[in-house]
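Should a chain be cited, it is by its letter among A, B, C, D, E and F, assigned in written order, with residues numbered from 1 in that chain.
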Amino acid sequence: MDVVTFGETMLRLSPPGHERVEAADRMDVRVAGAESNVAVTAGRLGAETAWLSKLPASPLGRKVAATLRAQGTTPEVTWTDRDDLRQGLYFLEQGGEPRGTTVHYDRQDAAVTTATADELAPAFVERAGYLHTSGITPALSETLAATTADLLELAQETGTTATLDVNYRRGLWSHEEARDTLEALFPDVDVLFVAERDARGVLDRTGDADAIARGLADEFAFGTVVLTRGEAGALAVRNATTVTQPVFETETHDPIGTGDAFVGGYLAARVDGGDVEDALAWGAATAALKRTIPGDVALVTRADVESVLADEHSGIDR
Amino acid sequence: MDVVTFGETMLRLSPPGHERVEAADRMDVRVAGAESNVAVTAGRLGAETAWLSKLPASPLGRKVAATLRAQGTTPEVTWTDRDDLRQGLYFLEQGGEPRGTTVHYDRQDAAVTTATADELAPAFVERAGYLHTSGITPALSETLAATTADLLELAQETGTTATLDVNYRRGLWSHEEARDTLEALFPDVDVLFVAERDARGVLDRTGDADAIARGLADEFAFGTVVLTRGEAGALAVRNATTVTQPVFETETHDPIGTGDAFVGGYLAARVDGGDVEDALAWGAATAALKRTIPGDVALVTRADVESVLADEHSGIDR
Amino acid sequence: MDVVTFGETMLRLSPPGHERVEAADRMDVRVAGAESNVAVTAGRLGAETAWLSKLPASPLGRKVAATLRAQGTTPEVTWTDRDDLRQGLYFLEQGGEPRGTTVHYDRQDAAVTTATADELAPAFVERAGYLHTSGITPALSETLAATTADLLELAQETGTTATLDVNYRRGLWSHEEARDTLEALFPDVDVLFVAERDARGVLDRTGDADAIARGLADEFAFGTVVLTRGEAGALAVRNATTVTQPVFETETHDPIGTGDAFVGGYLAARVDGGDVEDALAWGAATAALKRTIPGDVALVTRADVESVLADEHSGIDR
Amino acid sequence: MDVVTFGETMLRLSPPGHERVEAADRMDVRVAGAESNVAVTAGRLGAETAWLSKLPASPLGRKVAATLRAQGTTPEVTWTDRDDLRQGLYFLEQGGEPRGTTVHYDRQDAAVTTATADELAPAFVERAGYLHTSGITPALSETLAATTADLLELAQETGTTATLDVNYRRGLWSHEEARDTLEALFPDVDVLFVAERDARGVLDRTGDADAIARGLADEFAFGTVVLTRGEAGALAVRNATTVTQPVFETETHDPIGTGDAFVGGYLAARVDGGDVEDALAWGAATAALKRTIPGDVALVTRADVESVLADEHSGIDR
Amino acid sequence: MDVVTFGETMLRLSPPGHERVEAADRMDVRVAGAESNVAVTAGRLGAETAWLSKLPASPLGRKVAATLRAQGTTPEVTWTDRDDLRQGLYFLEQGGEPRGTTVHYDRQDAAVTTATADELAPAFVERAGYLHTSGITPALSETLAATTADLLELAQETGTTATLDVNYRRGLWSHEEARDTLEALFPDVDVLFVAERDARGVLDRTGDADAIARGLADEFAFGTVVLTRGEAGALAVRNATTVTQPVFETETHDPIGTGDAFVGGYLAARVDGGDVEDALAWGAATAALKRTIPGDVALVTRADVESVLADEHSGIDR
Amino acid sequence: MDVVTFGETMLRLSPPGHERVEAADRMDVRVAGAESNVAVTAGRLGAETAWLSKLPASPLGRKVAATLRAQGTTPEVTWTDRDDLRQGLYFLEQGGEPRGTTVHYDRQDAAVTTATADELAPAFVERAGYLHTSGITPALSETLAATTADLLELAQETGTTATLDVNYRRGLWSHEEARDTLEALFPDVDVLFVAERDARGVLDRTGDADAIARGLADEFAFGTVVLTRGEAGALAVRNATTVTQPVFETETHDPIGTGDAFVGGYLAARVDGGDVEDALAWGAATAALKRTIPGDVALVTRADVESVLADEHSGIDR
C-alpha cells in the first residue's frame, strides 16, 4: 500500500438543498471521514490506499465500507458485534451566510472509539509508504489517543512516513486539550498539515505564515510542514526551503472536505514521485475540484487534476 | 387533558420503497414512538392529548416536538442541553417476505432514558383522564423503569385511569426481564393492552384467548384487559364480560404502528363516552386505516373512522 | 378529425405513494380529464383526435395543453385572459382499502365552465367522425349544460356520431339532477356508455345487465348502448344484438381513468373499422393496460393493445 | 398571547429548483402567508403567538393549520364546511434575472375572504399585547376590509398595540385603492411598517427616507413608523427620534418572506423588552437569516439570531 | 410553416445538481438538440415551426417527439424499425469551475445519421419561410453531410431562406474537417450564425468582430452574418450595415442551449416582421432568459421576452 | 478467487415506480449483468469473487466498476479508450400484467463485445475454483463467442470448474442460433444451469423435468445439471441422482435477477463446502430474497439466507 490512513468515518445525513434539519423529511446519506476522504482522494489519483478502522457489523457499518470500496480505497475493517458500539453519524445543514453551515455530531460510542492498535491491522502500517491520520482521531476517545500514539510510533520504527493533519474541531475538545495531545504526538510525525488558523489558535503560533511553518518545523523536527491558508493558498517548508502555492479559483457547491482533498492530492503527488512543489499544486487543484462536488469526498480523476493544472477547462466541454 | 402518554419518540429513517439500508443514499425521516403514536391518534379523533418526554435541545429534538404538534398532540417536553444525551433513532428497512421488515435501533443514551417522574410534568398526569404508556418505556433504562412505576402510582393516587400496552420488543429485553418488570407494574394499571402472542410468550399465559384475558384480569385485578389477536381480531374482558371485535380488511402499505393506532382509537372512543364495544370497534377501524398510511402514525380523521365503521367506503370517492 | 371530445381537463396533484394530502410536502402534477383522456387514448391507438375546451392563458393552462399535445391529441383551446377564471385542479389521495382513494376537487370557476358552443370550434364538430363528451361536462355549469346540448345537436345535424359516457360524479350533482339533464340530452346521442352502477343508481334502471342495455336502447333510440360492469366485463347492445366482453386480468397501480381508457379503446377500434365486438375487446384491453399505468391517462400503444388481445405477454420481455 | 396576527395563509406550490411551472411534474408544497409568517417568526424567537383566520375543513385547510402548529404558532381557526369556499393557493416559479421570480395566485373564494371580526376570535385580540396584520388582508375582499377595520378598532379600544405592514401587492389592487383603504385604517394603527418603495409608490410620499417616515408619523399619529429600504437597511421613527439599521450580508436562497421575517423579529424583540433599536437589529438579523432558508417562513431560533447579532458565524461550525 | 429545422435531437441524461455521473443513481431525462431547440424557441415566440428528423420507433424515440410537441414544435419524423439504429443520448455533468461542465456523448448509430433528404419531408422545406440547421448535422455522418447539402440546395431553389449556425463541436470533428465541409455548404446559405470563437478557430478568420462578419459576408455572399460574442454581445452585418446588440445580464442556472435560444429568438422576430436590429434584440433577450431555465430548451413566452426588452422585471412579481 | 465470472454488465435505467419510459423525466440508474450479478451474490455470501470484463474508460464505465466493488466483487477490467466502444445500457419499464415488464436494450457496440480471452485476465481463470458465464455472453458478438469458448477450454485445462447458465434472451438471437452455439460449448462445461422453459424451447428437450435434466447430463457429460422451474422449484441431477428444491414464498418487488441470485447462492454454498442439496437450498433462498430487493442484484447477507432457511422471519423484526 502506498498510503494507509486511520480514523473515524461517519454517515453524513443532510437535508436536500438548504433546508433546515428540523424541517426536513428526507435526508441524503453520504459517507464521510477526514482520513478516509484522504485515502479515497489519493487512491483515485493513482496511489494504492487502504483505510483502517473499526465498524459495527450492521447495515450502517457495511454501508461505510461499501461506499469507500466503490470510491476507490480498500477498507481494512475490524468488525464488531457489540450492541453498545455505534456507527457514528453527523447531520449537516448547509446554510448560506449569515446562517452558516452547521454540523450536528451524533458520534458518541462509535465503534472506532474502542479500536486498539492491535485491532487496526498494524501489518498494513508497517508495509505502507505513508501513514496518515488527523487530529480528530486522538480527540475521539482515550483509547484512540493511545492507538494514534502507538501507530505513529510503529510507523516511525518501520520507516513508514507518518503524516498528520491537525484538523482542529472545537466540538470535540478545547484548544488546550488539543495542543497537549497533539504536541505529544509530533515527535513521531514526519509531515504536518495545519491550517494557519489552527496553528495560531490551537498551537499558539504567531508571526507570518512562513515564520509559523519554519517555527513548527524547527521545534518538532518535522521533515515537512504544510500550512494551508484558505484563500491565501498554501505554503510548505521542507529542508529549510519554503514553497508556496496559490489557490485555484472555484465555484463552491460543497466546501466540506476541502482540506482532506488537499492532503489526498498532496500525498498522491508524492507517491507519484513529485516533489513538494508538485504536491502543493496537486493538493490545491484537488481541493479546488472538491469544492465543486457534493459530499465530503473528492470524487476526482487524475485527468481532472491535470486539466486544472494545465488550465484547460473552458466552461462547457463538448 | 383527556389522555396523557409518556415514553420515547424516535426519528425513523427509512430508505424509499424496499431499498436496503446498506444501499440507500436517501432516507425518509419520520417521527415515531409507541406512546406518542397513541396520543396523536387519540388526539386526531377528538381527545385532548399530551405527550410527556425528555428531548435534546437540538434540531433533531425540535423536529420530534414540531412533528407531534403538527399531527395533533401537545408535546410537554423537558429539554436538555447535555451533550451526552441523544435523540433516539431507528433505521427501518421495509422488505417483503421472506426478507421481512427490519428495525435497526440506534437509541442508546436517548435523553428520555434519564427522565425522572419529576421532570415529566406530573401535574399533567394528575389532571388527565387517562395516563398511557407501554412496556417499551420501562425497558429503556432503570431510570425509566422507576419513572414508569412512579407515574403509574401517581395516576392511581389521583384517580387517573392508567393504561399500559405490553408491546414486547425482543431487541430491548428478554421475556423474563419483561415479565418481572411488567408484573411489578400491573397493580397500578387499570387497562391492559396485550397482544395474544405476548401474553403467551412473555406473560406465560396458556389457554384460549378468552381464558387468557380473564386470567390476567383476575390475577392482577385489571379493570379491563384488551387482547389483540392479529388477523383474529381483538377481545376485551371488563366486569367479567367478554366483547369481541373482528378486524377490518385492509391493504397494508405500512404495518408499523398498527397496535398503537388500535390503542389510540380505543382510548378516543372511551374519552368520547363510548363503551368497551365501541372502543374495540374504533380501535379496529383505526388500526385498519393505519395500515394504509405510510409512517408509524395513524394520520386519520374522525370521518375516516366513521366511514370504516359505516362501511361506506367504495373504491374511489369523487 | 376522427374523434373530437370536449369537456374539462384538470391538473391532478397527488402526494407520492400513499401519503395523505395533509401530510405531503411534495405533489406529483399530472393532467386529467375524462374527455381528454378519451381523446388521448384514441389518438395513441391510431385515430386522429382533438380536444375542445377553454383554458386560462396561464402557466397552468399552458401545462394542460402542452401535456395533451405530448400525449397525442390536438388541444383546440379557447384561451381566456379573464382573471376570475381558473384552471381546475384536483387533489388525489391514493389510499388502500378501507381508506379508499379520495378525490378533493378544486375546480370551481374553471375557465371551461363559461365555454359556449361558439367558442368551442364548432367547425371541428361538423367535420369529425365522432363527437364525445361525458356526463361530467353538463354538470359543471349551466353554461356547459347548454353548450353540451348545442354541440350534440350540431353533431346530430351534421352526421357526426355523438357518444356520451354517463360518468356520474356524486360530488357534482344529485342522481335526480343528473338524470333529468342527461335524459334531455339522450335524443341527440348515438352511442351511450354507462356503468351498470350508474344505470341503476342514476338512470333508475332495473333488471339484469342485458335488460338494462336493451331498455335504454329502446327508450332513447340509441344506436348502441355499452354497459360497463366492473369485474363482470362489458356488454353492448346494437341493432338489438348483445355482445359481451370479459375483463382482462390486471395489476392495478392506478385505477383512475379506467372507464375513459375503455371508451378511447372502443372508439379507436370503431374508427379503425372494427365492429362492436372488436371495439369492446379493444376497450377492455386498453382499460386493463390503463390500470397498470400511473396517472389518469392510458399511455398505451397499439402494439400494447394487440399484445393483450393476442395474450402474448409473458412476464418479462427481454 | 403576546402577538396575534390575522390574514390569509396559502399553500405555496413551486417546482423544484428553477423549473418553469409549465414544465414541472412535481411541486413542493409549503405554507405561506404574510401574517402567519410574522406569527411563526415571533413565536420561534420567544413570543407567545396566535394566528386568526378561517379555513376550509379539508385536507388542504388542515395542512395549513398543522404546519403552522409545527412551526410554532397557534392557529385559532374558524373552520367552514361550505363547498364554495376554497383554500387559497399560489404557484411560485423561482427564476433568476432577467426572468424574475413569478407568483401566480389562485386564491379567489378563499374561505378567509368571508371572515368577519366575530368569527376571528376577537377575545384573542383583546387579550393580546400586539395585533398585527398587513395591507394584503383588506385587499382580499370587502368583508375582510371591514373585518380589518373592526379588529384594529377593537385593538385600539382594548389597549392592544396594533401594527400594520403596508405590503402592497399589485396583483390585488391599484395604488389608489390601496392608499384609500389603508389611510382609512391608519388612525387605529400604532406601528406602521412600510417599504420605502411602497411609501413612495402607494402612499405618494416624497423626500428622503427620514422625511418620509417622519411625515407619516406626523400625519397619522403613528407611535412608530418603520421604513424598510432593501439593501439600504431600515429606519424607524419613534417619539420624533430616528433609529437606523443596516442590513446583514446574506446569501439568498429564497427571498420571499424577508419582510415578514423582519416584522417577526422586530415584534419578538419588543415583546422581549427590547427598545426600537434592538427591534430593528433583531428584524434585520432575522430577515438576513430568512433569505438563506427555503420557503416563505423564517424557521430560525433565538440562537441563530443572537449569532448573527454577535457576528459569531464563521463558515462551517463543527 | 414559418421555420423548419432539421438535425439530431438527443435524450440528455444528467445527475441532479452537481453530482458526478459516476456517482449518480438517478438522472434527469430531457430532450435536447440544437436544431429542435431553435424550432421550439421560435415556435413559442409565435412562429409556426416544424422539426425534420429520423427517430427509432421505440419508447426513447417517442419520448423525443412527444416532448417537442409539448414544447411547441411539430416533429415531422421518419420512424425506423431498424434494430441497429439508436436514439442518441448524452450524459451531462454540471460542474462548476474549475471542474467545468462535461458532456459525454453516446450518439453513435443514431437513426438520424442515416437520414436522406428524401426521407426528411422535403415538401416541408419547399413551403417553409426559413430552413435552419447547424454545423452539428453534417458532422454526424457522411449521409447527413450529403443530406444537409441537398436540403440547403433545395431551399435555395425554392426560395426558402436557409440559415446555418456553425456550432462547432470538437468532440465531432477537427477544425479542418469542419471548415472544409461547412465552406462547401455556405454558397447555399443565406444567413450565417457563428460564434466569434468559431469564426476565428474554425473558419480561420482574423481581425475585429466587425471585420470578421463583413469578411464572411463578402466572401460567401451571405445575406446576413450574425456573430455571437459571448459577454460582448452580438453583431450582425446585412447589406453592408453593422448592427450591434449587448447581452442582457442574467443569472445562469443552465448555460446549455444559449446559442440556440439566440437563433430561435432571432428567427421568431424576423418571421414576425422585425428587422435585423429587432431580431438581435429578441435573440439576446431569449438567450438571457434561457440561461435561467434548466434544460437545453428556452421554455419562454413572448411576454417573457417583451418583459426583458422593456426591462420591466423587478425581482419578485406578485 | 473462489468464483470468477465473465460477461457484460450494463447500466440499467428505469423510471420510478411503474411509469412508462416514454413519459419519465427521471430514471434510476443501477448496474446489472447476469454474470456480475452472480459474482456479487456469491461474494456477499462468503466466496471470494471477481468479474472479468472490458469497459470504456468513461464515467459510465467507472460507475459499473465502482458499483460492483461496493457490492462485493472485484472487477478485473480491461479499460479501453476507443471512442467507438460504448457502455451498454438497458431501459427497464416495470409494468404490471397485462402490460408486462419491458426491457429495451441499448447495448450495441459495447466495449465487452470486443473482448478477447487474452484481455480478460486468463490468469484469474486458471487460479479460480469456478468459472461462470451465461448464454448471454456468446450471443453478444462473434468475438465474445470465441472468447467464451477459449475461456471455457482454459478452465477445462486448468481444472477450474466451468459453469454456464443458458439464460436465453430472444432479443439477442434465435432458438437455433442459441442451440448451435451453446451445444458447441457444452463439452467444456461442468455444471449447466438451465430454465426448464429454455431446455424445452431452446435445447429442444421433451419429457418431464427429471428426464430433461438426466438427458442433458447424459448427452453432454455434465457433472451437474440444474433445472430451474419457476414456481415449481428447482431440480439437480448429479452422479445420476436427482435432488429437488421447492421455492420459498416471496413478495416480488423486482423479479429481474432472480435466476442470477439462484446461481450465486448455489455457487456460494458449493464454495462453502455444501453438497448439491445445500446448494439448491441456498440458491432458492437467495432467489426468494432477491425478489424483495429493487435492482437486478441480490444485495443479501449470509444471515439473510440463513434466516430464510431456518424459516425464522416473522414479519417485523424489532
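The rule is short, and it goes like this: contacts are C-beta pairs under 8 Å (C-beta built on N, C-alpha and C of every residue); 3 or more make two chains touch, one makes a residue touch a chain.
In this text the structure is predicted, and so the values were computed from the model without any measurement.
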item	value
Any chain that touches chain E and chain B	A, C, D, F
From chain C, the most remote chain by mean C-alpha position	A
Interface numbering overlap (same over half, different under half) for chain C and chain D	same
Between chain D and chain E, centroid-to-centroid distance (C-alpha), Å	45
Separation of mean Cα positions, chain F and chain D [Å, integer]	62
Where chain D touches two or more other chains, by residue	20, 22-23, 25, 66
Touch relationships between chains, expressed as pairs	A-B, A-D, A-E, A-F, B-C, B-D, B-F, C-D, C-E, C-F, D-E, E-F
Touching residues on chain B, where the partner in the complex is chain F	17-20, 22-23, 95-103, 105, 169-171, 255-256
Of all residues in chain C, those that touch chain F in their complex	248-253, 285, 288-289, 291-295, 299, 304, 307-308, 313-318
Interfacial residue positions of chain B with respect to chain A in the complex	13, 20-30, 58-60, 62-63, 66, 84, 86-87, 89, 91, 93, 104, 106, 108-109
Residues of chain C touching chain E in the complex	66-67, 69-72
